[in-house]
Each structure stands twice: as C-alpha cells, then as structure tokens.
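A short worksheet on the structure shown next.
In this document, chain identifiers A, B, C and D correspond to the written order of the chains, with residue numbering beginning at 1 in each.
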Amino acid sequence: MKWLNKDVLYTVIFGTETPAGRRFDLALILAILLSMVVLLLDSIGSIRAQYGPVLYWLEWAFTLLFTLEFVLRVYCAQSRLGYLRSFYGIIDLLAVLPTYLAILMPGASFLLMVRLLRVLRVFRVLKLLRYVDEANLLLRSLNQSRRKILVFFSTLFILVTLFGSLLYVVEGPENGFTSIPTSIYWAIVTITTVGFGDITPQTWLGRGIAAVTMLMGYAIIAVPTGIITAELGREMRKEYSRRHCPQCDRSGHERDAKFCNHCGGELEPQNISEA
Amino acid sequence: MKWLNKDVLYTVIFGTETPAGRRFDLALILAILLSMVVLLLDSIGSIRAQYGPVLYWLEWAFTLLFTLEFVLRVYCAQSRLGYLRSFYGIIDLLAVLPTYLAILMPGASFLLMVRLLRVLRVFRVLKLLRYVDEANLLLRSLNQSRRKILVFFSTLFILVTLFGSLLYVVEGPENGFTSIPTSIYWAIVTITTVGFGDITPQTWLGRGIAAVTMLMGYAIIAVPTGIITAELGREMRKEYSRRHCPQCDRSGHERDAKFCNHCGGELEPQNISEA
Amino acid sequence: MKWLNKDVLYTVIFGTETPAGRRFDLALILAILLSMVVLLLDSIGSIRAQYGPVLYWLEWAFTLLFTLEFVLRVYCAQSRLGYLRSFYGIIDLLAVLPTYLAILMPGASFLLMVRLLRVLRVFRVLKLLRYVDEANLLLRSLNQSRRKILVFFSTLFILVTLFGSLLYVVEGPENGFTSIPTSIYWAIVTITTVGFGDITPQTWLGRGIAAVTMLMGYAIIAVPTGIITAELGREMRKEYSRRHCPQCDRSGHERDAKFCNHCGGELEPQNISEA
Amino acid sequence: MKWLNKDVLYTVIFGTETPAGRRFDLALILAILLSMVVLLLDSIGSIRAQYGPVLYWLEWAFTLLFTLEFVLRVYCAQSRLGYLRSFYGIIDLLAVLPTYLAILMPGASFLLMVRLLRVLRVFRVLKLLRYVDEANLLLRSLNQSRRKILVFFSTLFILVTLFGSLLYVVEGPENGFTSIPTSIYWAIVTITTVGFGDITPQTWLGRGIAAVTMLMGYAIIAVPTGIITAELGREMRKEYSRRHCPQCDRSGHERDAKFCNHCGGELEPQNISEA
C-alpha cells in the first residue's frame, strides 16, 4: 500500500510543508485538545457519576489512536533513536503511557494532562515563527543570567531553611509548626508572599521573625527582576543593532524604522524569523 | 424647535469646545457618578431593606435619562454607524441595557457598573491631554511587547495546567482538590502568589510540588517586569530624543530642559499633547 | 529670664548647630520614642490591666511636655504662621491633640502614634544628609512619573470596580459577596495578590473571573515597576554626569571615581549633600 | 605523629589544593548534610517516636565529630584569632554549640540547622569561582544601593506603624486587632502582599484603610526593584567595558565576543574569576 511507504508517511506525519502534512497536524492538535476535555470532565465527580463509562471508552480510544500515531512516528522517523530522544519523542510517549499505567494504579490516567505539551507543535504548523523568536529572546536572556538566578535561589533556599528551623524552635508543634519540613514549607509560603494562612505564628517572637521573613521576601523579589531586566535590555539592544542599511551599511536602526536615518536609503523589512 | 437642530445638538452633546458642550458633559459625568452611587447603595442589604423603592425608581430615572441621551446621540451623530461601532457607542448602549434586562433576570442591573467607563470622557472634557499622552506611552509599550507577553502567558497557562493536574493526582478530592479545573484554579491562585488558603495541600509530596509552584511564580514575575521595563525605557528614550533646538537643530535634550545644552538657544516648551 | 529670650530659645529649639540645640533635639527624640513605647504597652490588654494607671499618667505627662514644647516653638518661631503651616508644625500639633480628644472619645489616644513622624528630625540632627539626598532622588523619580502612576491607578480603580461588580452578580451574598463595596474590597485584595481568603468565590464562573483578576494583577505589577525603574535610571544617569573634572572640564565620571579618566586629574570628592 | 604536624594538618583541613585537602572537605560537606538529615527526621513526630534514641546518638556523634574538627582548626590555624573572628570560624562554633545547649533547654538542638551555612564551603572546594563572582556582582549592587534601600525600609517601617495603629483604633480587639504590635504585624502581612488572613478587618472604614495599605504595598514594591535594576545595569555595564583588545587596546566588547569588533584581533577569554 502506498500510504505505508516510509517517505510518504514521513512527509504527512512529520512534515508541515504539504497540505496533507498540515491537515494531519491540525487534526492531531484537535484530537489532543478533545482528549484533554475528556480528562477534565472525567475529573469532575458529578459528571463522572453520569457519563463515567462513555468517558472511560473515549479515553481508551484516544490513547489507542495516539499509540498508533506514536508507532507510525517511530516507524517512519529518519533517525529512530534521534526521535525517541528528542523533546517531542519523549512527550509523545508520556502522552500514552499513563492510561496503561492506570490499569495498575487508578488515578494515574490524569497524568495524561502532559498531552498539553504536544500542542506546542501548533507553533510550527501555523508558522508562528515570530512568537518562537520572541520566546528564544526570553530563553536567551534567562540562559545568560542562569548563574545569577542559581545564586539567588541558593540564597533563598538557605534563608527558608534557617527561618523555617527558627520558627519550629520558637513556635513548636502546638502552633501548627509540626516538624522542620513543615516549617520550611511555611517559610517558602511566606517568603514568596503567597501566604495561605493555614499555618500562622501565634507568639510574639514567632511573629517578629515572620515579619522579617516577609520583608525579606518582599525586598529580594527585586533581585531576579533586576537580573532579568538588565539581561533583557542587553539582548534587545543587540537585536536592535543587527539591522543594517544596505546603502550606507550603518546599523542601529529602530525596530520599526523603514528608512535609514543616516542616508535615507530604504531598509529591508526586519525578517526576525529568518535570522 | 432650534434645539432639535442636528448641528446644534451635535455641538452640545459631542463637542467640548463651547461652554454649553462642556456644561452638558460635566452634568452627564455627574449623573453617571450619581447613578453609580445609587447602584452601590442598592447592593447593601440593610440600605435596600429601608430605601429599596426609592433606589429602584432612581435607577429607572437614570436609565431613561441615559436612554434619551443615547437616542439623541444616534440621531445627531455625523456618522451613525461610526458612532455605534466606536468604543463610546458600545459603552453608551451597555450603560442602559442591563436595567431592561433585569426585568427578565433580577440581579443583572448591577452590570450597570459598566457605566464607570463612560466617565473616561472626563479626560476629553477637562483637556487632560497630558494624561492621555502618558497613557498612550504605556499602551504603546504594552503593544510593542504584546508578543513577548503572549509567550509568557502561554507558558504560565501550560505550567498551571500541569501543576494543577499533578496536585489533583497527588492530593485528590479528600484534601479539597475536587477536580482538575479546581486544581488548575488552585495553581493559578498559588503561582500568582495570591494564596487564598481555602484549598491547601496536606501531603508531603503535594506540599513539595506546591513549593516548586510558588518559587516558580515568585521568580517568573521578573519576566513581564523585565519586558515592560526594557520596552518603556526605549519608548521614553525615543520621546526624549524628539525635542529639537530651533537654533542649532540638535536633539536629545532633557525633558525638563529650557535651554539647548549645545548653543544656549531657548527651547520651546514641550508640547507633548500636540505631538 | 535669659532663657525666655526668643533668639536664645530659637537657637536651642529649632537650631541644630549649637551643642545645646543638638542636646535638646536628641532629648526630644528620646522622649518621643519613650512616649510611643508607653502607647504600645498601653494597647496590650494584659499589661494595661496591671499597669493601666501608671501608663495613663505617663501619657499625660508626655502630652503636657510636648504641649509646652509646641507653645514654645510657636512663641519663638521666626515666622509663626510659616511654622504652623509647615510639615513639622502640623505634625507637632497632631502629636498632642489626640490625648485631649480622648477625653471625649476613648481610643483616640492611640492616634498619638503619629508622633513617629516627629522622629524624622533625627536626619537633620545627625547630619544624615546623604540619606536625605538619596530620599530626594527617590522622591524626584516618583514625582517625574506621577502622571504615569496616576494613569496606572485609575486603570486599577476601574478594573477592581468592574471585576468586583461582576463577582457580586455571579456569586451573590450567599457566597460572602454581600454587597458591591464588599466585592470591590475583595477585588482589591485579589488584584494586589494579597489574598486574605476570608471571601472566596465558590462557583465555576466566579472562579474563572477570579483567575482572570489574579493573572491581571500578577502581570500589571510590571507597569509601575517599569515606570519607576526607567525614571530612576534616568535620574541616576543625570546625577552621574554632574561630576566635572576641574582640570579638563569633562564630565561623566563614575560615582566612586577619584581621578579623571581623560586627563588623570584628581576629582573633588562628591559633595552630593551640598548640591 | 606526622599527622599532628600543624602544617600538614593545615594543608588538609583548610587547604583545597591537595587531593587530601579536597577529600577532607568533601567528606566534611557530606557529614554536614547527613547531620542535617538526622535533624530533619528528628523533628517529625512519628519518626522520632520510633527511632528517637538512634537519632539522638547520631546527633551526638556528629556534634563530637564537628567539635573535634573545630578544635583541630583552632589548633592548626595560621592566625587563631583571625580564624575565630572570621565568618566560617563563627559558623563552625555555632554548628556545635546548640547540642550542648540542649542539655539545659530542650529544643535548642534544632538551631543546629545553622550548619547549612558551613556547606557554603562547597563553592571554594569545587572551584565554582564563576558563581562566587556572580554573587559578588549582586552583593556589590546591593551594597551600592544600601542607602536607598535603607531609606525605603524606613518609609515602610513608618507606614506599617501608622496604618497598624489606625486599624487598631478603627477595628479594635473585638475584630482580632488585639493590640498595636499585633496590628503592626497585620500591616506588615498586608503591605508585603503576603495576606495570611488570620486577622482581617470587618468594618467599612477598616476595609477602606486596608485597601489603601494593599495598593500602597502593591505599588511601592516597584521602588526597591527599580533601585536594584538600575544599580545592576550599571555594574553589568562596568564589567562589560573592562575587556580590552590586546591589539588595538579598545574596550567595550560583548561578554561573549571572541574577536575585537574594531580590528578583528582575537580577544582573551574572559577570566572573570581572576579579575
């Protein structure tokens, strides 16, 4: 059969250039979203009580469909190991496994929500390359500042451990600080300014230390913000200086400029996506 | 009758240049604010119990007044379809509809709070153009970074879905995570550092995942901040380089400068609103 | 008596140049802090039960002392009206009034905590001019961006009114949203990411709108941050370009530089406080 | 015995250059982490009930080990007083004291969590100098802006005191605001946007003042962020202008540049850690 030919299959399943390839990908994204709606409905008690069996069979239908798709992808991939090790290869596998797992441990099927990550293909299909480009700029900034952010999180980790232990000693189990891990959890809830309020200090000393924790969390949020802002500003200035005037060869034009501000020569439209 | 003349009506109702036009607009804004006070009072149980009928008739009086005004606006508008499709046209209609709707479904009348948006006319009336200009600068910055912000919100959406599903599987309905939508709601409450505390994880694993969610929310707030800051800084530098010295034609003067720092020539006052 | 001489009194009470003037101010600040400790202790039930009368008489003693001081200040001020209208004149009066007011309405005496503002004199006394200077830089930045911040707060005000009204209609009094003002209060608690959790939405629609409110509050915090950062950066660059080399007259030296980086000439120490 | 020789001991205990020295440090860090796991487990009620005695003796074993290590450090340090006064000297002492203290007051042993700070040695051992360098850049930025941050925290301190007192007067003990210190604690919880929800205002006036407190806390978070961002940007620009081309001696190269953008000469790799 022609449609079992590896190359044809590859063009349809992996490719996004042919109409058939784009139609396949759009149908796939639709199927993924539908399977997630089934999962959402299945988790709501009153709906499961009424439509449980239907949802159960729909879930199995989607899983079998995605398993077949996964098998075909492995079959027609140009490099099988390459595909299995890639981001999408792992996600595609994770998107079917939990249903089989749920035979052994019920509840695991809701891990199928990881299917959401498969929807990221939509960017490739709809040629939303500009968005991918902006995402890359953000990722590059985060990557450039990874060491500073790691130093920041190490400091945060030390702070919550010390403040958590201190409150365990001061407040003790009778005020809800039942153990050091619980107290560290409380310290994280407090320093990130989330503040659930399920555990709160009751003694004067405990409240004083809690106040210091809060003020610290309130102030040091400035540090990651400062890091990202400085790094993003630099990345954006770099991108901005990359535009060259084809006539006088000067760079540094505004992102939305249409003419060179030195010689008046027309600038090429900014093809970020091709850079 | 002279006052039914379309042009005269237009000058009074839409215009803000003549004394009559300005008086009309100020009276209108006063009426809007009064009608909102009536709504606020009507929503407080103890006051409604005592003054219910009065407030009811006042609400109808304001609605009839605004309906009459809306009809007159449509009648005298230079382009009727243009007005009906404009921001203010839609708001003016929405500002009277809920009272009529409330005949069918009680409670809908409180949607009249949308009248607040009509008060935005105050900027045009009081010639607060500088404020409009500052608002435009903010909007332009937000617009320039719309793609980065969309990428950020997509990431956030994926994160809350995955973390929400994970906590539903780990904690389950017995700890308040009654369904995946509820768990996603909890994840949004947590990642935005709001932390109501009506649903909180109770197991060790759940608290660990919750801690990761919080730290993530605490750290990635830096990303939109960095984006807006970098974009605002660029927009402000652009505005700042727009001032020219009429004598030596150099630009780049401080916003509050009065004399050119190259030739000493007097600078024109910065007419932001006319730019 | 010599010490009732207006000029001598002025030098002691208002001045900080003479040893007597500094000693007077330091004693005053000590007295203010002591009077606030009395207030703090008086507000703690168990302590008031035991030492109530002592604290009561101490409060009156401090009030009479500060009243006497205020009368002397008015008496010896170079411009009486000028002093009474100044920031410190108003604070000095407010710092004694509540005790007298408390005769009529008990509880008012705790408004005496406003005495804290009198402690701000400590900056003038201890010549902490560098701190005043940094405070001025912050205030100048805030002042420069006051219009942007006002636009931001107006938007915030409109958003909380609309979201609050919407939740009142959707959730209603049975879920804690007892009136529109209460709902607006809830919207402020939510959009600022405080999240007390005393009022929380219970319906699907209400939780959906609440999620939008939170995400909005989480994202738009970026706007004031961006404004202040951009403005602060500009103010700091200005301050930094103000240093001139006395030899080659070039500016733009680092704040901590000691020698000119163009000609090597020694720079004057940066006298920010005298600028 | 050779291993009691001061110099040999110094090389092993303090040094990180020899294989023996590195092995000693890694073993030490492992021992510290293990002793902290013991502490964590000891604080969990159910585990202590079962393994209490084992954990008790393990804690004493680790304490005796660390005491021996501390005595050896003092014995072989090049400058004993210098070591005892240094950051690590103090931490090393604090890391053993609480166990002895716990004989007098039970519970104090959990203060041993301060041992975590000893783990910071890991940076020196693993030659993670780049991380130390990034940490220094952050610390330098914080140090440069210390005065601005102090001014900010003073303002915050005044605000929470005034708002706390105001809410104590308005709400009073019957709504949970039992004393002024409690009210100030509430104000800190609110202005930092933590919002535990254990104490909440119930009156209209109280909620109004609370709303102002929240909006203030929501907005002024922008100030420390702005300060740190501006300072970090400056520090990063300084670091960036420190790279010189060995051929044409020009500076200002991008951090990740490999060739001079003026003459094309190869740049030295950036030895941040040696700077």
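Definition applied: contacts are C-beta pairs under 8 Å (C-beta built on N, C-alpha and C of every residue); 3 or more make two chains touch, one makes a residue touch a chain.
By chain, UniProt protein names: A, B, C, D = Ion transporter.
What you see is a predicted model; the values in this text were computed from it and never measured.
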(request) Could you tell me which chains are in contact with chain B and with chain D alike? (result) A, C
(request) Report the chain pair from C-D, B-D or A-C that duplicates the A-D interface, where duplication means over half of the contact pairs agree by residue number. (result) C-D
(message) Suppose a student superposes the Cα atoms of chain C on chain D; what rotation angle should they report, nearest 5 degrees?
(response) 90
(message) With touch defined as above, tell me whether chain A and chain B contact each other through largely the same residue numbers, more than half shared, or through different ones.
(response) different
(request) Using mean C-alpha positions as chain centres, tell me how far chain B is from chain C in Å, no decimals. (result) 29
(request) Calculate how many whole Å lie between the centre of chain A and the centre of chain C, each centre taken as the average of the chain's C-alpha atoms. (result) 41
(request) Mind pulling the residue numbers of chain C that touch at least two other chains? (result) 181, 193-197, 217, 221, 225, 227, 229, 233
(message) Quick check on the complex: what are the chain C residues that touch chain D?
(response) 39-40, 43-45, 107-108, 110-111, 113-114, 116-117, 130-131, 134-135, 137-138, 141-142, 149, 153, 156, 181-182, 185, 188-189, 191-198, 217, 221, 224-225, 227-229, 231-233, 236, 254
(message) Residue numbers of chain D touching chain C in their complex, please.
(response) 147-148, 150-152, 158, 161-162, 164-166, 168-169, 172-173, 178-181, 190, 193-197, 200, 204, 207, 210-211, 214-215, 217-219, 221-223, 225-227, 229-230, 233-234, 238
(message) Quick check on the complex: what are the chain B residues that touch chain D?
(response) 193-197, 225, 229
